Amino acid sequence: MFPFQSLLSFPLGSLQLLDYAGVAVFAATGALAASRKQLDIVGFLFLASVTGIGGGTFRDLILDVPVFWVLDHAYVLVCAAIGMLVFFAAHRLESRYKLLLWLDAIGMSAYSALGAAKGMAATGSPVVAIVMGTLTATFGGILRDLLAGEPSVLLKPEIYVTAAMAGAAVFTAADLGGLPDPASALLAFATAFAIRGGALKFGWCFPTYRSRPGRHPDDIP
Amino acid sequence: MFPFQSLLSFPLGSLQLLDYAGVAVFAATGALAASRKQLDIVGFLFLASVTGIGGGTFRDLILDVPVFWVLDHAYVLVCAAIGMLVFFAAHRLESRYKLLLWLDAIGMSAYSALGAAKGMAATGSPVVAIVMGTLTATFGGILRDLLAGEPSVLLKPEIYVTAAMAGAAVFTAADLGGLPDPASALLAFATAFAIRGGALKFGWCFPTYRSRPGRHPDDIP
Amino acid sequence: MFPFQSLLSFPLGSLQLLDYAGVAVFAATGALAASRKQLDIVGFLFLASVTGIGGGTFRDLILDVPVFWVLDHAYVLVCAAIGMLVFFAAHRLESRYKLLLWLDAIGMSAYSALGAAKGMAATGSPVVAIVMGTLTATFGGILRDLLAGEPSVLLKPEIYVTAAMAGAAVFTAADLGGLPDPASALLAFATAFAIRGGALKFGWCFPTYRSRPGRHPDDIP
């Protein structure tokens, strides 16, 4: 705990905005998942909050720093407000799932930069920074899909985790290269979002694992 | 950690009974889920323990206080005893799922009060108290349903999360109003249980999200 | 935190090898699950890492000791290497699922010993040691199955949790009996693996819960 005490005043500073944005858009995806499941308003608040703060909670527990929303309640209130807003507005949306995916892309990109930033600040290790950026960027969406009983975004063919990892790697490299935090974070956000956005827009995907030939002798080339 | 050290001797005091009760009945719901899945006796012990102590573990990790069952092993032994009891007795039950739901209602109500109490004691913040009460009251059931592969209690139409949130809010208000902890906890428990019990008994549910009209022009009013 | 500071230099010592082995084989099962789901290479890295380090992360959070892979990045790099290896080699395998189950048995047995060892070192309590050994040995597989959307290994009839619990109990007993850690760990590993291996090889299972007679009067004996 000692070496991390300074994190109580973690100098997110100008990253704060990106942080709120990440939480808010993840919260919106949680609320949209609730709308797809036809939950009641408290179900909206619940899924919005869990999705919005889940990834960061996990990040802070692993880094052994105080959980961000316990220190600053505004995050929870933002999630609640978003949940309520979506409850009353979601019926106006043309395609809720498409919006969910794009908002998820924004939230994931923001968390990818912030997870790497907080991991770097807490440990100084590039490996930890990249892992934390990747895990916490993807965790909110995983949690949302598990709780809402939706097929996980992880198992879809379009590039997802790669974008999170690329964002975290860009932040880490820029940070090691001496760039100020906000610049590194913006670069990281842009990288992750460009990759995930391209995947959503153009269906980008990696060659997936090529299954081994079947067992029947005829199938073997 | 420093500001929370006093929690090592968290004065649950007279709340202790409610705490054991909450853990025990959640453990029983885990064991009943195991019986529905026809697991062996160790599966009963496992699901009973995970369901019984899951919510509180999560609560203590987030509040950065020592995990309750690491400090006091009696909780684990209670879960194990309950798991074994249900293994040998469950075949006598008329309707295991109905019992599961009612026990879950008791456990959820107890955890709602205790989560809020511990959140308030650890941080002094009403927002954190309400969120902790709500999250930890619902977490045990979510975990049980995920592990047992059952449809989540969250996605059912009957009021659930609302009851947890109402209990947590009542505790917090009563606590801020100066009531002693046991009285606040009893009020909170009664509130949560009355709401959830009503939902189970009379099928109470909120108006759920009204789906937007379909995309076909004919459907649009 | 104070009483656990010494764990920063937790004397795994000669257990280190078992620790790496457990992480590596769990990582391999994650990668094999990725191959069954036909994910891309980053999906392999991701599932390998989450499965490999998930159980230990959970263990360290509950024991309130620094998360092992944050202290020593080699674990993460091992997972990444294994993920990559499996991506390029899995198509050569005869039966990926069978291999997954056997590797899972090795990883589970290793984690069962190590979870108990770390639980014992951190708290000195046999109950905590047995619970930590059991939970963390099974957690990696649970996480993998949840994330990959596979039926949980917990819900299969063959003995699983019992093997983990037996390993943890053997470590704890041997430790209390004064055996040196490596000997206790080897005994525990061998016990857990023998039980789980027997279950895989010979289909060992406990009598499962005997369902109560149906509700129709004719069915009642």
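The letters A, B and C name the chains in turn, as written, and every chain counts its residues from 1.
Note that in this section a contact is a pair of C-beta atoms (placed from the backbone, for glycine too) under 8 Å apart; a residue touches a chain by one contact, two chains touch by 3 or more.
Since we're looking at a predicted model, the values are computed, not measured.
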Problem - Same-residue or different-residue interface between chain A and chain B, half as cut-off - result: different
Exercise for the section: Could you work out how far chain B has to rotate to sit on chain C, using CA atoms and steps of 5 degrees? Expected result: 120
Exercise for the section: For chain A and chain B, let me know how many angstrom lie between their CA-based centres, rounded off. Expected result: 27
Problem - Residues of chain C whose C-beta touches two or more other chains - result: 1, 61, 146
Fill in the blank from the handout: In their shared complex, chain A is touched by residues of chain C numbered 1, 34-35, 37-46, 49-50, 57, 61, 66-67, 69-70, 73, 76-77, 87, 90-93, 146-149
Fill in the blank from the handout: Interface with chain A, chain B side, in the complex: residues 1, 61-64, 123, 125, 127-128, 131, 134-135, 138, 142, 146, 151-152, 154-155, 157, 159, 161-162, 165, 205-213, 215
